[in-house]
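The same subunit A turns up in both complexes below, where it pairs with subunit B and then with subunit C.
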Partner chain A sequence: MIATIQPAAPLLILALTVTILLAAIAIKRSFAGSVAITALGLIAAVASIPWAMHGNSPFMASLFSFTPDSLGFAGLTLLAALVTLVLAADYLAPGIPVPREEYPLLLLLSTLGAVALITSASFITLFLGMETMSLAMIGMIAYPRFRPGAEEAGLKYLVLSGMSSAIVLFGIGLVELATGHLQLATAVATGTVSPILLAALALIGVGAGFKLAVVPFHIWVPDVYAGAPAPTAGFVAVIPKIAVLAVIVRVMAMPGATLSPATVTAISSVAILSMLIGNLLALMQENIKRIMGYSSIAHLGYVLVALLAASAIGRAGVVFYLVTYTITVIGAFAVIGVLSRAAAARDLDQVAEFQGLFWERPFLATIMTLVLLSLAGIPPAIGFIAKMYIMAAGVNADLRILTGTLVVSSIIGLFYYLRIILVMSQKPLERAAIPGGTLAIPMTGWLAMSAVGALIVGFGIDPESLIAMLKLVFG
Partner chain B sequence: MILVWLLVVPFLGGLLAWPSGRVHPVLPRVISFAALLLELGLLLPLLHGTAPASLIAPGHWLATFNAPWIPAFGISFRLDLDGLSWLLIVLTVVIGLFSVVVSWREIDENVGFFHANLMWSLAGSIGVFLALDLFLFFFFWEVMLVPMYFVIAIWGHENRRRAAIKFFLFTQGSGLLMLLSILALAFLHDQQTGTLTFDYFKLLENQPTGTFGYLIMLGFFIAFLVKLPSFPVHTWLPETHTEAPTAGSVILASILLKTAAYGLLRFAVPLFVAASHQIAPIAMGLGVISIFYGAILAYGQNDLKKLVAYSSISHMGFVLVGIYTFNAIAWQGVVILMIAHGISTGALFITVGSIQKRLHTRDLGQMGGLWTDLPRLSSFGAFFILASMGLPGLGNFVGEFLILRGAYAVAPTAAIIAAIGLIPAALYSLIAIQRAFHGEASTTRSFPDFGLRETAMMLALGAAIIALGIYPQPVLNVAAPGLANLTPTNTTAALPVMRTGT
Partner chain C sequence: MNVSGFDLVFYGAASFSMVTTAVAITRSNPVYGLLNFVLSLLGMAVVFYTLGAPFAAALEVIVYAGAIMVLFLFVVMMLKLDRTTVAREASWITSAIWIVPILLGAMLGGELVDVLLQKTGPGSAHQVISPQAVGLRLFTTDLGAVELASMLLLAGLIGAYHLGRPSSEGD
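What follows is the complex of A and B.
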């Protein structure tokens, strides 16, 4: 019995935790209890992953595919969710006019959806996972509903997410029509490209594009990031992207998966536009969350370059970049998060408000600097190795235009990353304008920060340890 | 292993200096100074060492270190020291010592973090001079930028933000081109031999040829040209120099510019012998233009610091011409000029910094008559301006003379035009002396002249430049085996003509 469900352990643990949490909230409301149960569930799920990888029973093989690489991506998601939870627990300080217990529940549900999406083997689980992930996320975005910005962001995400789900569903329908199957593997293996399948691919691609937030499906990004509370913004910036890319990477490795020249052109254009537009629009922003939004668009463009390289090094590059992206983006929102509280009218997210951070809170400023250096791809941060990976994949596959665009847009990107560092290094205007005021940063916040900083520098200086680990999991 | 310590000592020094600033503002200075002295102590005995022959590739190497770093990409942590890198590292450490001393009074805010950045940028440059794995080299190339950026952005003058960003964008942007080239080179090697490696000596064996080889070479060439800097990619330099604090300017001019010349000598030329010969006329042309352009613009400056900055462009033009003559004599001249320029320009920036501290201006129009008020400062200033102009008997003259001598054997036209470039050099130098130090003082001033600390510093630098001018042979002796490493036998075979000076 145990051996049968062994590969599905993380998913089942998450589902079980959701149930327990629901019951717990019904019996007695306690934010600390909620957080504790969620944290335990997430930790148990993460801990079960190595064990699950050793399982070899085809558990619900028609619906789920618990391969080592999908479990690896699931692990990344779970860890990101755990850090988000730690940050949110501090961020949702008492004193807000809404109950706080449901936030961990929504986070757990969304993570469950993401894990289901990552491990899906059929379009049914894929769609269910995606919807669970997105719907719970809407709740997380609009959680401080007394903030007009959060409400607006939630609504925006609801409308656009609903629309993209409809488009994906339509595409799934067409796949069923053309192949008679809902299995991912069979649909991919069909091979014969009929107009219907092409249309289906395009529709599903649009849906994926929305979740990945690449140009031209990126319009929602800055508004949603800026409106969402900081921990949620980090979650939204990371989780759906891991999940969708995990599926894409897995599908591309399936037999029969070849990219037609037209598809390659389409993805290349999306990549080029994302890199350039993301970085160019970020230049004009005054809000760090919006900057992070645009920057994430550009970074997904970089990932697409590695994806297009369609080689072993490209695949490794995608995975490495995703890990890097997760660490750094969570880190960036963590810095904003520990300096903000849900009870305030808005987060501390204006670039100008970070002036003097270096002098008043040197540790936070150092972490933020490392995050920004990593995003800009400058050693000794891990982002440098990640960018090298992408460039290596591009050069190796001789993708000259894409690699050239990558270089140009990276240089554009330097402007706005450096500007934030500069602002932080300036003297504070007056004592009263200290970033975050007298806000005390709790122990858990420090821990999360230190972990992010250690990972950025540690893997930046010794990338081999991460490469070896990823190789073990993702092959 | 000692080579690793050469990197660790300044890095740890910086790491220690940062928090120590909170205890007492003098601690970071003392720690940095001590760390650099220790570094010098480690470095000097290395000159007489030889690395075990089994460990090293062809050539004359003083020490070596090799350990895997990112085996997945064939990237190793490979450090090698030869005469050339030894000289440049000694220059780095010595200039680093002077930077600490010169900041003693100038920097009084966040002393700890300043010295941390200072030490880290020195560590980065030392890494650049040591690394012989191309990826590792690039890593250090980038690492030395970030602390320098902070030095300019935080402790610089009025327009420091703009200058810092400009500095970073130019160097980082061109650096990415070099990264592309490094990757292309490694993958090309992978295709031809089946092993992915970034090891300098392995990549040397497989010279890329044809248009593709030329393109790969261009990536290196452009990155080094920006950093050198040469016309037309020099525009970051005057602004950066002007806005940087004195120690920053000194490190920039004396060390960071040398990393570019070193890069050309060590990587751009030996890795792409054929392509380098192909581009030599263009490179020499740019060098000659830089000589004149820098000199003429220096002549037109009212800001003394900018004048020194433009003169750097002019001097680096000589270096560029010298490198692309592929001539043994000219290369010796390049080494001497690099060191002499490092010393004389460093000293000039210290002088300008001292003037600015006293007069609160760098405007030549408001100087004049300084000789009466500040005789010691003025005489040292005049001495180093003359040295930088190339006065015979001083170091720069030897360098320029050897370069021109070598270039004449190979490219007489370029040599003649470059030599004419010495005339505008004399013009801007003499004008600078006249406007700053001679004439009537515009206002009555009373400032303290150079104190003991500054006089001692200047005397040491002056002695070095005189020694280099009168008896450069020891330096040449150290450099010679290093320069020989740059033309290994297997690559000379690929050469059309490897000219030797006559």
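What follows is the complex of A and C.
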């Protein structure tokens, strides 16, 4: 009995935690209790992953594929969700005019959807997982509904996510029509390229583009990131991207999966546009959340370069970059998150408001600097190694235009990353308030920040340890 | 080419759906648009039936055309409850407005009658999927998907409940 469910342990633990949390909230509302149950559930799910990897019997093989690499991506998702939870627990301080217990529940459901999407073996679970992930996320984005900006962001995400889901569903229908299969592996293995299948691929690609937020499907990104509460913004910036890329990486490794020249051209143009437009638009922003939004567009463009390299080093590059991206983006929103509270009218997210952070809160400023250096790809931060990996993959596969665009757009990116560091290091204005005012940062906030900082520097100096770990999981 | 009665029903219902959907999205009056959309869904139900999926056809009629669209109609109608808008709406729904839906409805009705008269069973070229087969799959191989769908609905429910509850509550 235990052996049959062993590979699915993380997913089942998440589902179990959802039911326990629902029951707990129904009996007695307690925010601390909800956070504790959610945290325990997430930790248990992470802890079960090594055990799940040793499972031999397939669990619901027609719907789920619990391979070591899909479980590895699931682990990354779970850890990101755990950090988001820690940040949100401080961020949703008492005094807001809405109950707070639903937030951990939505976070848990969204993570469950992401894990289902990552481990999906069939288009049925792929779609259901994607919808669960997105629908719960809308609740998280609009959670402080007394903020007009949050409500607006939630509505925008609802409409665009609904539209992209409809497009994906149409594509899935066409795949079924062309191949007669809803299983990912068998649909890929048919290998025949018919016009219907190409149309299906295009439609599913558009849907994936929305979730990955690459140009030209990026218009929602800055508004949603800026309107969402900081911990949610970090979650939205990271989780769907891990989940969708995990599926793409897995499908591309399946037998029979080849990229036709037309597809390569399409993905290349998306990558080039994302890298350039993301970095150029970020130059003109004054809001750090919007900058992070545009920057994430550019970073997904970088990932697509590694994806196109379609080699062992390209695959390793995607995984390594995804881990780096997760750590740094969560770190950036963590700094904004610990300096903001849900009860305020808005988050502390203007670049100018960070002036003097080095003088007043040196630890936070150090973490933010590490995050920005990592995003810019400057040593000793981990982002340098990640970008080098992608460069190596690009050069190795002789993708000249793509690699050239990567270099040019990285240089453009330097400007806005370094500008934030410059503003932070300027002396605080005499009459202006200290960033974040007298806000005390709780112990858990410090812990999360220290962990992010340690990971960025630690893996940046000693990438071998991370590479060894990833090799173990992703082969 | 040998065109069977079922092909005629299929193509008839499919073009009916397309026409009504086109009409639905070009109307400025939401009530009129929604009524056309209900017809389009009924047309889709016939398409499902001819393809050998009577269960999906029944669901389409009961859930989409029946429950969801009627709910939509209620909401749209409740949004304009003041007297001037009611009067304006009444002026919209004239007898002329009913002509096209009635014609299209008659077309669909005729097809249904045709199907009933033939009595050869739906979808001669396709495998018929009985409600039992659907139920069996939902409880065996696709059980995980059903559970996942329940989580999806739970996520939607909690999100909607949180965003829609009165603001006086809470701590």
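We adopt the following convention: the second predicted complex is superposed on the first by the 473 of 475 C-alpha atoms of A that agree within 3 Å, B and C clash if a C-alpha of one lies under 4 Å from a C-alpha of the other, contacts with A are read in each partner's own complex, and residues count from 1 in each chain.
Assume a residue touches a chain if its C-beta (ideal position, glycine included) is under 8 Å from a C-beta of that chain, and two chains touch if they have at least 3 such contacts.
Since the structure is predicted, the reported quantities are computational estimates derived from the model, not experimental observations.
> Counting residues of subunit A touched by each partner, does subunit B or subunit C come out ahead?
Subunit A has more residues touched by C than by the other partner.
> Figure out whether A:3 sits in contact with subunit B (first) or subunit C (second), or with both, or with neither.
Touch status of A:3: no partner.
> Between subunit B (first) and subunit C (second), which does A:378 come into contact with in this model arrangement: first, second, both, or neither?
It touches subunit B, and subunit C stays clear.
> In the superposed arrangement, does A:283 touch subunit B (first), subunit C (second), both or neither?
Touch partners of A:283: none, neither subunit B nor subunit C.
> In the overlay, answer first, second, both or neither for which of subunit B and subunit C A:96 touches.
Touch status of A:96: second partner only.
> Using the touch definition from the top, say if A:135 reaches subunit B (first), subunit C (second), both or neither.
The answer is second: A:135 touches subunit C but not subunit B.
> So, A:419: does it touch subunit B (first), subunit C (second), both, or neither?
After superposition on chain A, A:419 lies in contact with subunit B alone.
> Given the touch rule stated above, what does A:352 touch, subunit B (first), subunit C (second), both, or neither?
neither
> Taking the two structures together, which residues of subunit A meet both subunit B and subunit C?
On subunit A, no residue contacts both subunit B in one structure and subunit C in the other.
> Given the complex with subunit A, which residues does subunit C contribute to the contact?
141-145, 147-149, 151-152, 154-156, 158-163, 165, 167, 169-171
> Touching residues of subunit A toward subunit B in the complex: what are they?
316, 358-359, 373, 378-380, 384-385, 388, 391-392, 395-396, 403, 407, 410-411, 414-415, 418-419, 421-422, 425, 463-464, 467-468, 471
> Applying the document's contact rule, which stretches of subunit B touch subunit A when the two form their complex?
Subunit B residues touching subunit A: 68-73, 110, 113, 135, 139, 142-143, 145-146, 149-150, 153-154, 161, 164-165, 168-169, 172-173, 176-177, 179-180, 183-184, 187.
> Show which residues of subunit A lie in contact with subunit C when the two form their complex.
Residue positions touching the partner: 15, 18, 22, 60, 62-64, 94, 96-100, 102, 105-106, 109-110, 112-113, 116, 122, 124-125, 128-129, 131-132, 135-136, 138-139, 142-143, 145-146, 151, 154.
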